[in-house]
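Chain IDs A, B, C, D, E, F, G and H follow the sequence of writing; residue 1 opens each chain.
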Amino acid sequence: MALKSGFCELGFAKVDIDRQRRRGFAEAVYCPGKTKEHLKKISGELIKNKQDLLLTRLDKFAFAYLKKSFPGLKYHPLAKLGYLVKKSRAAKKGLVLVVCAGTADIPVAEEAAVTLEVMGGRVEKLYDVGVAGVHRLMSNMDVIRKAKVIIVVAGMEGALASLVSGLVSSPVIAVPTSCGYGANFAGLAALLTMLNSCSPGVAVVNIDNGFGAGYFASIINR
Amino acid sequence: MALKSGFCELGFAKVDIDRQRRRGFAEAVYCPGKTKEHLKKISGELIKNKQDLLLTRLDKFAFAYLKKSFPGLKYHPLAKLGYLVKKSRAAKKGLVLVVCAGTADIPVAEEAAVTLEVMGGRVEKLYDVGVAGVHRLMSNMDVIRKAKVIIVVAGMEGALASLVSGLVSSPVIAVPTSCGYGANFAGLAALLTMLNSCSPGVAVVNIDNGFGAGYFASIINR
Amino acid sequence: MALKSGFCELGFAKVDIDRQRRRGFAEAVYCPGKTKEHLKKISGELIKNKQDLLLTRLDKFAFAYLKKSFPGLKYHPLAKLGYLVKKSRAAKKGLVLVVCAGTADIPVAEEAAVTLEVMGGRVEKLYDVGVAGVHRLMSNMDVIRKAKVIIVVAGMEGALASLVSGLVSSPVIAVPTSCGYGANFAGLAALLTMLNSCSPGVAVVNIDNGFGAGYFASIINR
Amino acid sequence: MALKSGFCELGFAKVDIDRQRRRGFAEAVYCPGKTKEHLKKISGELIKNKQDLLLTRLDKFAFAYLKKSFPGLKYHPLAKLGYLVKKSRAAKKGLVLVVCAGTADIPVAEEAAVTLEVMGGRVEKLYDVGVAGVHRLMSNMDVIRKAKVIIVVAGMEGALASLVSGLVSSPVIAVPTSCGYGANFAGLAALLTMLNSCSPGVAVVNIDNGFGAGYFASIINR
Amino acid sequence: MALKSGFCELGFAKVDIDRQRRRGFAEAVYCPGKTKEHLKKISGELIKNKQDLLLTRLDKFAFAYLKKSFPGLKYHPLAKLGYLVKKSRAAKKGLVLVVCAGTADIPVAEEAAVTLEVMGGRVEKLYDVGVAGVHRLMSNMDVIRKAKVIIVVAGMEGALASLVSGLVSSPVIAVPTSCGYGANFAGLAALLTMLNSCSPGVAVVNIDNGFGAGYFASIINR
Amino acid sequence: MALKSGFCELGFAKVDIDRQRRRGFAEAVYCPGKTKEHLKKISGELIKNKQDLLLTRLDKFAFAYLKKSFPGLKYHPLAKLGYLVKKSRAAKKGLVLVVCAGTADIPVAEEAAVTLEVMGGRVEKLYDVGVAGVHRLMSNMDVIRKAKVIIVVAGMEGALASLVSGLVSSPVIAVPTSCGYGANFAGLAALLTMLNSCSPGVAVVNIDNGFGAGYFASIINR
Amino acid sequence: MALKSGFCELGFAKVDIDRQRRRGFAEAVYCPGKTKEHLKKISGELIKNKQDLLLTRLDKFAFAYLKKSFPGLKYHPLAKLGYLVKKSRAAKKGLVLVVCAGTADIPVAEEAAVTLEVMGGRVEKLYDVGVAGVHRLMSNMDVIRKAKVIIVVAGMEGALASLVSGLVSSPVIAVPTSCGYGANFAGLAALLTMLNSCSPGVAVVNIDNGFGAGYFASIINR
Amino acid sequence: MALKSGFCELGFAKVDIDRQRRRGFAEAVYCPGKTKEHLKKISGELIKNKQDLLLTRLDKFAFAYLKKSFPGLKYHPLAKLGYLVKKSRAAKKGLVLVVCAGTADIPVAEEAAVTLEVMGGRVEKLYDVGVAGVHRLMSNMDVIRKAKVIIVVAGMEGALASLVSGLVSSPVIAVPTSCGYGANFAGLAALLTMLNSCSPGVAVVNIDNGFGAGYFASIINR
């Protein structure tokens, strides 16, 4: 395996072993479309170069395959995340709250929460507080107000992000999910809702991108 | 002018003079794309046949032209509605509340409110209670709860309709507006939001269709 | 299970046990994306708190699982609705008519009809009266005229909603379905048709949302 | 001006003077985006080569300019058609009926009707028979049934095409118009409606394409 | 089974037995979304009332089921059409040519061709003459010119319809297909191409709607 | 003017005078769709209640009108922002860098920068560093690396956000602009680019929403 | 004006004076959204640094303003290109043919042709050869075959690109234009057509991007 | 099998045996939607007429079937290409570089590379150099600069094409891939990015169209 400055040349991949130094966290590996052999080689290279390992959208079969080579690898089946973080990190100072609108949004919310934990953050969760029963949200204003950063995960109409944002001074990272049907158009409805928030203080990541929200929350929580 | 059963033949138009009997309210005339001479002939025919007259999206110039022929014609410039309702109606029994999210949504909200009044309803208004400052809505729960029907008018992300619906047992008629910019796509964002409401009890009309909301509210308020 | 004011805290869910008091009907549970264990816990909580139980888009396998714990649970396989309504309700006063355009729209129409029945309404059905053979509709003007509320379910071009609305004084709740192919774009064509109805008195719910139409019809039929 | 086989080379244009022989009618000139000088040269070339002249979407200023050079040029301002048809044609045998849903659709309907007349057809018109008052259509079943070809022009939800088609054995050429607002999306709603007609016997042309409908009707009316 | 004027009431369906008299051809049955029992009852009713039977998008399993009850039923597997036409028809006078761009478009082309034959037309076929090798089309100008009506079936960019139309005086019915990938967007590309034909004389049916094209061609070929 | 808890009731508006306490910054007033009289009343109410004043998308005519009543009002014509901030704020600790891809994106970038300054931040600007000449970006790695937060403003293909994010450990707030033409679809292209960033650490606001980006940057820079 | 390596720092712009060396042609300046003062400064800087000057989408007013400072500046009003190319270039070896479908596409075609000439290429033009009269194209096979590169500019359905490509061995650069109406959706139809070409050998640039096509043709013509 | 000038008539297909002479390379066969028997007949005809054989999107089962009849047929499983090129070609003079952004884009990149090799080109590959770690690209400037043509394959946001183009004087052929999720919309995001490249010198092919890119690169590399 050729070594060039800052990355390892595997031919089919150029593993970015400079990422942890440059960006504060190692290259996360997006698993769909990669064979399990490719995943093994990339993971091995990252581990060898003392990078943290975070595998996103990893299915359980590929995890089982990788586990044989990397016994320390952990897996969160709902979040579909595999990870192997070698040394403990100093805890981030602020609390990140992961809020979701409905039970069906939990896998995406968990992807955000696990990402945060892997990156060293303190996380609390507030699930199933969609606007159809807003007293569930209002009863939890204490934890909402004490969070330094809030991730709001919602499908269907995605109204929760604006609402939460209007209640607090903290930044809200909005994650639209593809949960819903019909004119939801696989998450488009929630995405547009969140982008058009009448309440400032909301920024948006891709549909179902719990990892991206967790990552972003982690780097603003310093 | 030829008279056929239930309508007047004007050649360029067939004025439906059976509408009031059949549907409970006369044919409302959608003005865009009609010349002022056409509007005058259609209006004259409706009046002659003892139908109420309601002209939607009427601009002030066409109104001034029509006013000369029909001195009793009234006009609401913000709602762009002209109307001439000949006999007083028995008031509808319930209260209809017209709620809007922001000041820029008022023209559409007024179109709904004036339509309701012309059709004989009792209307109250609650304007500028968007989710960016939800206490403005929560401080008005009394009027929200006493309404028999609620019209929610909102642009940008349109989150208000779901939220209001979740608080009450009354039906919510949601009107998306084209107020906003960018990924609002001229009202598409608010439209999709409202169609995907996680709170049941919401039905939706076309973007900026205050008239349609007022009409629908009127016929369910019996 | 923690109990907060108005909801039960299950961690993964906050069951809204205030819904029946606040909104007149209990929280309906949208099943896709929830595990069968989750459904069981949520259902159990609702039953324990004397809420009616309505499970939407419930597949037959999850029903069979739930049936073991809740022997009184009923299931309508075409409508994919599970329900357990504990005490009889006073019948709503008006008749709701569920109209559908074609045989392939029946599952959505049934979802509306069963929802109405569960919520205590009187329902009649008029199926397969699409505009390709309009005499089928015209031969049934008696039942159409006597309905207090009409639900129109149609896929393909969805023209039936405007047509029915133009014949009556009752409100029409339009449900576009995803039945069709090609430029139907999974229900988008029928949705746009219904939103643009030239006949006022039509309000629209999400594509394939029979439950939402039934719910809305029920609350305006008081 | 160079002459090649079947067309005249003007540099900026290659006027197809073989069109009348090959296709039965001369090249119609689409005017938008062409300067008035270009229109003059193209028109002159067509006239010189004994082709019929039909100018579509011609504005009144360009018409006034062309009229000076071609005194025989006629103009229909609503249809925005200029034409100079040199010799009379044998009348087509069947009747073509141009139906439109609302008064605002008349310009497109007239474009179809004038095109038909210029091409030698017999035309009748039935305007303002939209589905909001279907008795206006049903009162005219005699003329609808006697037509050999029917053009249906409709904006908003465009439901009229399916309905008319379901009543007759004649072909229906459907023309969606951009008349409407909001979720009409400049004619997209009516276009999709017509493409998804549940009634067979409908074919569709471009939004606002009255000329195309008239042309197609003319060539199937032989 | 209740009998009303012009249709048979089956509860789940209202079979239009007036269609053949009114429109010249019986109700074609669109099979997706109907159970095989429903198909059997509808088919039986049509046969009993001496209507021709044409079943579109019928899969082979449902055909096998129906065949047991209706031994005369025929099936074309590529076109997915089942049919049972009881008495011979006088042949239509003109020739209809079905043209397709590529081999992958043949199922849709066959659906058009079989529909035409079932409805009594003379059909010829010209397959695989897409614009990538235009000499294949140009070598067949004799059959193209002698057709009274031409159906052009094309996926991918769908350019063939405009091209064929520019060569002839006959009407072209364009059928976009979903054949292609990527920015084809399941037939949208070909659909838009055909709607925007710079050559007049083209009308369009829904994506993959071979039946609709065949039907339309049949009724203009009289 | 009625005073309710936390807002002032103006009838057409409910001015949120609790916003500064609750969220750390006063209600920003979105000006489009509001009359200048409305703007004056809202502004007056905010000033009277000791809230900072920030008017977004304010045109110069409305500014001139307001200036007469509020002499202290300042205006940035490129950013279209009016503001009147009464007491000086403690400077935020980190540096925010506003980067834009091309000169045509400057108005949106300025809207972000002025918002940041009004909210008390330290701002630097790096303009015209689009990927067509990446050395312009690479020559400025020092300022890019020292920023605590980076706002990237880009139209056309919007590639700059991913690229910048890949170079740093700071969060990137991406603002797509409507600068471009054709398949840019008024900013949709850049919006989708930014939402799909292969580099984590990017969150997105609405098209042309410089204010939203500045606001978000300000609240994460604490 | 600060000078960094390879570009000039103007604050609002960073003029890329390394472009000619690096890419073979200087930075072309996209004018919309830039003030005329900005254009003057950028142009002056490019000239001072001996870069060729090419200004795209320059309107005539800005040209008149710039002409005062740069008397050598030339302008092509139809193509909206300003240019000042200081030294003559060796002619490129191959011939580039610019083909357009209709007269209304000429401005975009001219933008491509002038760009090619400014960059030193040999250009011929073949205008108005759309598929509605394909003999106009077929009569010009000699020039089509002798071209080394072909640019095809077409609006409406954009079918010409596939057709031309199928006839030759040369590469075809396809430029969709926004010429058309209705379901053309401002060039989307032609864009999709060209992207889905069934004939390989076609690559596509943005809608109306004559400059981009000319540029690409120039760099492959070496 | 009938033989007409330049193609073989198989009924279901017209094999273009003039293609190699006319265009420099034989007809490539797009396999989806064709039966394996059809593929065998078409392939046999091409071989018999001494045309090169290239089968795109060929699945492994159809390959195995064809291999029995054509033992010389080769297959590349990742690129899904089958090919049988009978005589060696003179190598093209320039080097074509195939660049891809991520490992998941490799199948499309390989389709381009194998197409190039089959057509006689010299190819090098540079994989996994996406903008999230731009040093991987910058470390390879030597190979990037020496390429005569560059193909850039990228999914997600597709930013790589603009970036590479800005570094070189060579043409860039951009291939968007459907790799990604959510607002990627199956490749639409990358497609729009590439069409809107701020860097001139980029032309685009259809989503996932590696074959088209390879073909285009081959014909400009002469």
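Here is the rule we go by: contacts are C-beta pairs under 8 Å (C-beta built on N, C-alpha and C of every residue); 3 or more make two chains touch, one makes a residue touch a chain.
Quantities reported herein were computed from a predicted structural model and do not represent experimental measurements.
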| item | value |
| --- | --- |
| Equivalent interface to C-E, taken from E-G, A-H or A-F so that over half of the residue contact pairs match | A-H |
| Per Cα centroids, the chain farthest from chain D | A |
| Interchain centroid distance [CA atoms averaged], chain A/chain B, Å | 44 |
| Separation of chain D from chain E, taking each centre as the mean of its C-alpha atoms, in whole Å | 26 |
| Inter-centroid spacing, chain H versus chain E (mean Cα positions, whole Å) | 35 |
| Chain E: positions in contact with at least two other chains | 102, 132-133, 166-167, 182-184, 188, 191, 195-196, 200, 206-207 |
| Pairwise chain contacts under the document criterion | A-B, A-C, A-F, A-H, B-C, B-D, B-F, C-D, C-E, D-E, D-G, E-G, E-H, F-G, F-H, G-H |
| Chain A partner contacts - residues on chain H that touch it in the complex | 102-106, 127-129, 132-133, 135-136, 139, 179, 181-184 |
| Residue ranges of chain A in contact with chain H within the complex | 4-7, 10-14, 16, 18-19, 27, 30, 32-34, 38, 42, 176, 178, 186-188, 191, 206-209 |
| Sites on chain B touched by chain A in the complex | 101-102, 130-134, 156-159, 162-163, 165-167, 180, 182-185, 188-190, 192-200 |
| Complex contact set, residues of chain G against chain H | 22-24, 28, 149, 166-171, 173, 191, 195-196, 200-206, 211-212, 215-216, 219-220 |
